[in-house]
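Listed below are the structures to be examined.
Both complexes shown next keep subunit A, but they swap its partner, so subunit B is in the first and subunit C is in the second.
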Partner chain A sequence: MNNYLKEIFNGLKSLVIGLKVTMTTMLTKSTTIEWPREAAPIPERFRGHIMLRKNEETGLSKCIACGSCVRACPSNCIQVKGAKPEGAKKKAPILFQLDFTKCSLCGLCVESCPVDAITFSRNYALAGPSSEPFATMNLLAGLASPFREESNEL
Partner chain B sequence: MFDSQENSTYQLEPVEDNQFVLNLGPQHPGTHGVLRVILHMDGEYILTADPVLGYGHRMQEKIAENMPYTQILPYMARMDYLAALSFNQAWVCVVEKMCGYEVPRRAEYIRVLTTELNRISSHYLWFGAFLLDLGAFTPFLHAFADREMILDLLEEVTGSRLTYCYFRFGGVSSDVDDSFLQGVQDFVEHMRSHLKTYHELVTGNVIFQMRTKDVGVILPFDTWGYGLSGPVLRGSGEKYDVRISEPYSIYPELDFEIPVERDGDCLARYMVRMREVEESLNIIQQTLDKMPDGPVRSKVPKIIKPPAGEACMAVETPRGELMIHVVSDGTKVPYRVRYRVPSFGNLSVFSRLAKGQLLADALAVLGSLDLVIPEVDR
Partner chain C sequence: MNEISILRSLLTIVGVSVAIGLNAVFVVWLERKVAGHMQYRLGPTEVGPKGLLQTVADGLKLVSKQIIFPSAADKPIFALAPIICLVPVFVAILPVPFSDTLQGHELDIGLLLVIALGLLNTLGILMAGWGSDNKYALLGASRAIAQICAYKIPLLLCILPVIMLSGSFSLRGIVNAQDPVWYAVYQPVAFFIYIIAITMETNRSPFDFAEAESELVAGFHTEYSGMAFSLFFLAEYSYMFLASAIASILFLGGWHGPFLPGVVWMLLKIYFFLCLMMWFRWTFPRVRVDQMLNFGWKILLPFSLLNFLITAGVMAIL
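Moving on, here comes the complex of A and B:
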């Protein structure tokens, strides 16, 4: 009988202690934020999908189509084709395509780039009804191209 | 799991009254991943438990045979997604050992600091998930709120929240700044005071004590035979931790203890992990105090070609001993890579522990082993 009462007492005691923790937490500030009404801050080194850096003067990409990133990628998700534009000394990319469905966001391509042409996007809200746009992301979109006139002729 | 063919589940003898076969998983929240356990039950008691592996098999070892050493690094984080930095560390250390690369002091300190943070976050996830298995929901929320602080800190330096790829051969990919160090200092102080809440909420709780005490006892003579390691081993009274018994990195310079409990039950394994969190906080505090200045990355060649030969390296992950054995034939891809993962050994003892248990207790045991299934299957 004595033991039985002791058990009940101990049970009640741990219930009260547990509830105390819950009650105190109830009065503290909430740790959650209500996305999409507010968004959590993104740190400086956030690794989103990769994108090409723009050369501010010319509006062209800084890429020299050397293929370092293609070789560095463990998932084989980057495709680069380059050619020399007329009168230029360095190569420029005609095609820079990322298969984001395969990408593991390791950042080895960014590290391998000799001219610092690749950077991480800060866009994290990537979602779509099909995988197709993500499998063929054209990273040259939005950048000026030295080939534009020729391609128009073709 | 290692039963002979005639005992295999596919040739079970006709069942008697009250006996039935219960399929636990592979899609079951209690197995924490794609683990399937075939349970032969008598009423609510388990007669035999037969884990079926391989649902998450990704040929990690074969993949590693076809890739340059640098490219294998991101794959490491995919094996144990809760302790990606420990796996990172094992891989960079084994290649550094093979090639003889120097690692700057600051880089070693950063490695230990971030790995220990990762260890705490892994233990907190286990804490939440384990208590969820036992039917307690509140501790899970507390643990995840604190784990979130670690993830935010690590995201600041590594750029990702879970599958980190931060260490590089000869150092780490980028330096940490003062705001990160200050953040870690604040976190350590917050955690020291907040751990009390955990013990109030869980450790002293009567229901928790009854659910875990004397449940799933691993006897000391079973420990080495099943290849146990980590907190599961230390919960049975064996004082074995790679950080002490085969020290690597800067662990010999740090002053910390290896928590050991003697009972071998779920409660002992729980206590070992909770005390390990405190020890990790100690280690973090010491690395913060001693953090040297200097470079964080030494110069290593771009294409890594280790000399022909082999190297072995063991590190202590939150789940136990991880060993990587690499054989090189002098080319830029490894000839053979072999991982000895902690969860595989820890899982193998489950069939023995589950025998004769209630189903609910067996899930408590499974939870207390802290398994990460992609690591078992790899």
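Moving on, here comes the complex of A and C:
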């Protein structure tokens, strides 16, 4: 009889403790982040697709079209063509194309770049209806070009 | 005189249907909100303000879907089961007084009617389980039958002291009998056991054996789709509403309360019980069937019987 009552008492006590847990949870703020109205913070070392760093003074890319990233890439997903713009001493890229469908984000291109021109972007919202735009990503887009019109024809 | 009574019947039918429909829409939304916030989530947010119209959208989806009859199903029973589950609520809600003036139909034996029709829910579950020709459905139905034996007797033994104290089977009479002091004060044990028993009666967690989605797919309504499924859903929430209304009438003084009008007090009390049941559902894990039976027969029954006998003894002495 004593055991029976004790069991009931302990059971009731545990139920009350459980109810307290859910009630405190209910009164705390929920952790949901309502994408796409707000976004979760991206970790500092997040790896998006690679992008070219901009030279803040000139607005040009820092790339010297040396091709070390092309050689370092284990998946052959980078294509670089370079030329010397008129009057310049160093080469600059005419074409810097990434095939992101093959890229495994290993980061060897970022490490191998002698002028630190490549970095990881923080762009993760990369859904699309076809693979085409991702197979031919033009990383020079959005950067100023040192070349005149005629050299854009490649 | 005759025209007035016809008008009154029509108004009652429309009123009850609207009340049951609106209640289901609101309570399903509330349940999902409560469930979300109890798990650090938000619940529905997109459809309508604060997601209020989510249930309407879900309902429209369910209505537009096909009802699939399993090839081996017992078709008449299969088709009748959701209706048997839902329709008694419409009748049982008639004698429930929502305020001094708002009542479908005053019955001297209103409480008996509610208790009797409350049993039909289990019949509907049994028919669904039997008619589906599905092992999970049948297991769910058999559990519902085992459960009804475990909770119905303590439930009635908790109602009996209230009937003895008020000396009335009429729900209106019971409310009027507890004008100064609620019966929850005189009968705390009966009140407590009654709350447990109505969670069992409405097949809510931690006693949702008939459904038991982690063990029995969806229990008795495994084979139901479309509107037939949503009728079961509607029935569950309507029974919750009815059981909460009866609980507030029996123990919390019905529509009585200061300042606010009677209907508001009644609805506040009803939604207090509904929120309590939601709180239980999202806190307690489902117990085992044998644990539930032990609990019903070895704990609820002796305590409610003892409470009943003590009440009867005290009343005889006084």
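Basically, the second predicted complex is superposed on the first by the 112 of 154 C-alpha atoms of A that agree within 3 Å, B and C clash if a C-alpha of one lies under 4 Å from a C-alpha of the other, contacts with A are read in each partner's own complex, and residues count from 1 in each chain.
Everything below uses one rule, namely that contacts are C-beta pairs under 8 Å (C-beta built on N, C-alpha and C of every residue); 3 or more make two chains touch, one makes a residue touch a chain.
Here the structure is a predicted model, which is why all the values come from computation and not from measurement.
K.L.:
Applying the touch criterion given at the start, work out whether A:S130 contacts subunit B, subunit C, both or neither, answering first, second, both or neither.
P.N.:
A:S130 sits against neither subunit B nor subunit C.
K.L.:
Figure out whether A:L108 sits in contact with subunit B (first) or subunit C (second), or with both, or with neither.
P.N.:
The first partner, subunit B, only.
K.L.:
Looking at A:T31 after the superposition, I want to know if it touches subunit B, subunit C, both of them or none. Which is it: first, second, both, neither?
P.N.:
both
K.L.:
Touch check for A:N3: first (subunit B), second (subunit C), both, or neither?
P.N.:
After superposing on A, A:N3 lies clear of both subunit B and subunit C.
K.L.:
Just checking: does A:V21 make contact with subunit B only, subunit C only, both, or neither of them? Give me first, second, both or neither.
P.N.:
both
K.L.:
Output check: A:R45 vs subunit B and subunit C. Expected answer is one of first, second, both, neither. What do you get?
P.N.:
First partner only, subunit B.
K.L.:
Counting residues of subunit A touched by each partner, does subunit B or subunit C come out ahead?
P.N.:
Between subunit B and subunit C, B touches the greater number of residues in subunit A.
K.L.:
With the touch criterion stated at the top, can you tell me which subunit A residues are shared between the subunit B interface and the subunit C interface?
P.N.:
18, 21-22, 25, 31
K.L.:
Write out the stretch or stretches of subunit A touching subunit C in their complex.
P.N.:
For this pair, the touching residues of subunit A are 8, 15, 18-19, 21-23, 25-26, 28, 30-32, 34.
K.L.:
Touching subunit B in the complex: which residues of subunit A?
P.N.:
The touching residues are 7, 10-11, 14, 17-18, 20-22, 25, 31, 43-47, 72-74, 104-108, 111-112, 120.
K.L.:
Touching subunit A in the complex: which residues of subunit C?
P.N.:
34, 36-42, 45, 279-280, 282-284, 299
K.L.:
Within their complex, state which residues of subunit B touch subunit A.
P.N.:
67, 70-75, 78, 138, 142, 145, 148, 152, 155-160, 163, 165, 173-174, 197, 200-201, 204-207, 302
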